[in-house]
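Here chain A shows up in two complexes: once beside chain B, once beside chain C.
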Partner chain A sequence: MRSPLARAEGLGSAKGGVKHWWAERVSAVALVPLTVWFLGSVIAHAGGDYDAVITWLKTPLASLAMIVLLLALFHHTALGLQVVIEDYVHSDARFAALIAVRLGCLALASAGIVATLRIVFSP
Partner chain B sequence: MNSKPSISDVTVARRRPLSPNIQIYRPQLTSVLSIANRITGVVLSLGAVGLVIWLTAAAMGPRAYGAVHGVGSSWGGRIVLFGFTFAFFLHLCGGIRHLVWDTVHGFELRSIYISGWAVVGGSVALTVAAWTVSLLLAG
Partner chain C sequence: MIVESSDQVARFTLLKRFPVPRNFKVTPESRIEKGRTWPAPPGASRIKTFEVYRYDPERDGNPRIDTFEVDLDDCGPMVLDALIWIKNKVDSTLAFRRSCREGVCGSCAMTLDGTNWLACTRFISDMSKPATIYPLANLPVIKDLVPDTTHLFAQYEMIEPWLHATTPTPEKERLQSPQERSQVDGYYECILCFCCTSGCPSHWWNGDRFLGPAVLLQSWRWLADSRDEAKEKRLDTLEDPFRLYRCHTILNCTRTCPKGLNPGKAIAEIKKMVVEREG
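For the complex of A and B:
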């Protein structure tokens, strides 16, 4: 997104601001249909029991969409919480908080994907 | 660790005068929706944790799923889920408003207020609609 001239002259932030901004937008656009799909599906299964939810999650479309949702959701969450921490945490806890958010989001996304795959491949 | 003073060190050391901050301004739709987008984002991070707990319980089996489903179906659980639903729609509508702004559209003061009230009205309407349909389907 940076112009070739700005890049060549070394103007602007030398850090990852553009990449962060762009990734936040891309994940946001992806999350619009994914989250609406998820909410709509949960509402459709609102009265559904365990079997109904498992049957739904075992369909190829639902399991694929769920995994993409988890990736986009926790990427977006990590980017958003990073900005909140950078804005409000000025103590030495900032670095620890940034690492905790990044690792926490990675762990949660992984746990969600593993759970989805366990459901898909369960007998 | 390093010799560079942190931001807090500098602030304490110099006691610089601070420009008036949010506490002296009357809340406006623009500022309230701005901070609301950030607050709902943080709230929805907790909702994302709930999503992983729900998925993991479903993967563990009917008993674990039943326990999580029971918490979600309780009155306290429903109130929390209602709050998450409203936070979701506010962040969704506010996020779409931001994406439109990113295309350099809608920056006139009048447009800002029209889109702002659309976000408020849309979020309330979508939350009520989602719960109405959900409760009707659940019977």
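For the complex of A and C:
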């Protein structure tokens, strides 16, 4: 029985969303050089043994770039998957899916960073 | 295509139907069935076949596709002429909206050969064989080719598409330099036919909250107007994860606009303006 205007208004404007959108763009831009660097490094060490890779990752620049890559990558993944879920999941599962994606990306980023730090600080 | 200058004519770009099974996820009562065939009048030599979506809510039964054979020697050059010919000479129960027959009223927007366009600005000779005519997608059908646009106009009403000014009304008109006036070029021409919004996948999935390209282009038309004094209120209304940011730059809107406008660019301009406001 609601009027068409009331239906269109819904709960009103969230007066937000620009931070999410902007963070997605900025992380995407950051990922361009980081991904190029990462792939280049992996190819450069393609024939190398375990020690060579560890030595490379222990250099300050490599470990720093790796941690920034992990942060940007999983932040971008979380933001993007959130949009996909909001687009397509219209049931009660949406809330659970959003939390799962957030926590999953946080867990993966943490695991990657901890692993990198363990390598950096290993004797 | 995007019209860049006034000597260009907007032309549709061919896009064939996306290969999903027919009637995919369509409820049983909406499944389209085969209707009847209306043969051309005897003696007609140049015949064009039109497959037209028919639905009458006052009769039981599913929507159906009727096949009309049109005598091109007795009919004008546009698809709308063919529809009027059918209504006058074959089946007077065929329902469709039309008014200006020259692409400025936006009434006869429909899905022609799978893409949205105005029936009055599409040449019959540009249609495939057989030509297909459906109502605009993703809208409730009132009858045949007449969709219910109530929700779309409610969304339009929500953005308050008129000049907001607190400066007292001057004795004459509110002045605008030619340069300021040019800022609404490419946006003020929108005729609200909703070809774009009907073709927008984001509006298909979240049309209850996402405003859609037509309404967002109209929002930008007022945000870009130098005389308007309600940017804060307008941006507050729009800045919402669903109302504005459901646009993922799919650009079906720009492809299908029969006026050659670029709703995708208008939405990008709104997003840029919101970022600018943030600092």
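Keep in mind that, in the parts below, the second predicted complex is superposed on the first by the 108 of 123 C-alpha atoms of A that agree within 3 Å, B and C clash if a C-alpha of one lies under 4 Å from a C-alpha of the other, contacts with A are read in each partner's own complex, and residues count from 1 in each chain.
The rule is short, and it goes like this: a residue touches a chain if its C-beta (ideal position, glycine included) is under 8 Å from a C-beta of that chain, and two chains touch if they have at least 3 such contacts.
Just so it is clear, the model here is predicted, and its values are computed rather than measured.
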Check your understanding: Which holds for A:106: it touches chain B only (first), chain C only (second), both, or neither?
Key -> neither
Review point. Looking at the overlay, what does A:5 touch: chain B (first), chain C (second), both, or neither?
Key: second
Practice item. Using the superposition on chain A described above, determine whether A:81 touches chain B (first), chain C (second), both, or neither. Key: first
Practice item. Please determine whether it is chain B or chain C that touches the greater number of chain A residues. Key: B
Check your understanding: Can A:17 be said to touch chain B (first), chain C (second), both, or neither?
Key -> second
Practice item. Could you look at A:26 and tell me whether it touches chain B, chain C, both or neither (first, second, both, neither)? Key: neither
Check your understanding: If you lay the two complexes on top of each other, which residues of chain A touch chain B in one and chain C in the other?
Key -> 90
Exercise for review: Please give the residue numbers of chain B that touch chain A in the complex, ascending.
Suggested key: 6-8, 11, 38, 41-42, 44-45, 48-49, 51-52, 55-56, 58-59, 62, 65-66, 69, 85, 88, 92, 95-96, 98-99, 102, 130, 133-135, 137-139
Check your understanding: Quick one: in the complex, what on chain A touches chain B?
Key -> 25, 28-29, 32, 35-36, 39, 43-44, 46-47, 50, 53-54, 57, 66, 70, 73-74, 77, 80-81, 84, 90-92, 108, 111-112, 114-116, 118-119, 122
Point to revise | Of chain C, residues touching chain A in the complex | key: 150-151, 153-155, 157-158, 202, 205-206, 208-209, 236-246, 248, 271, 274-275, 278
**Study point:** In the complex, chain A residues that touch chain C
**Key:** 3-5, 7-10, 13-22, 83, 86-88, 90
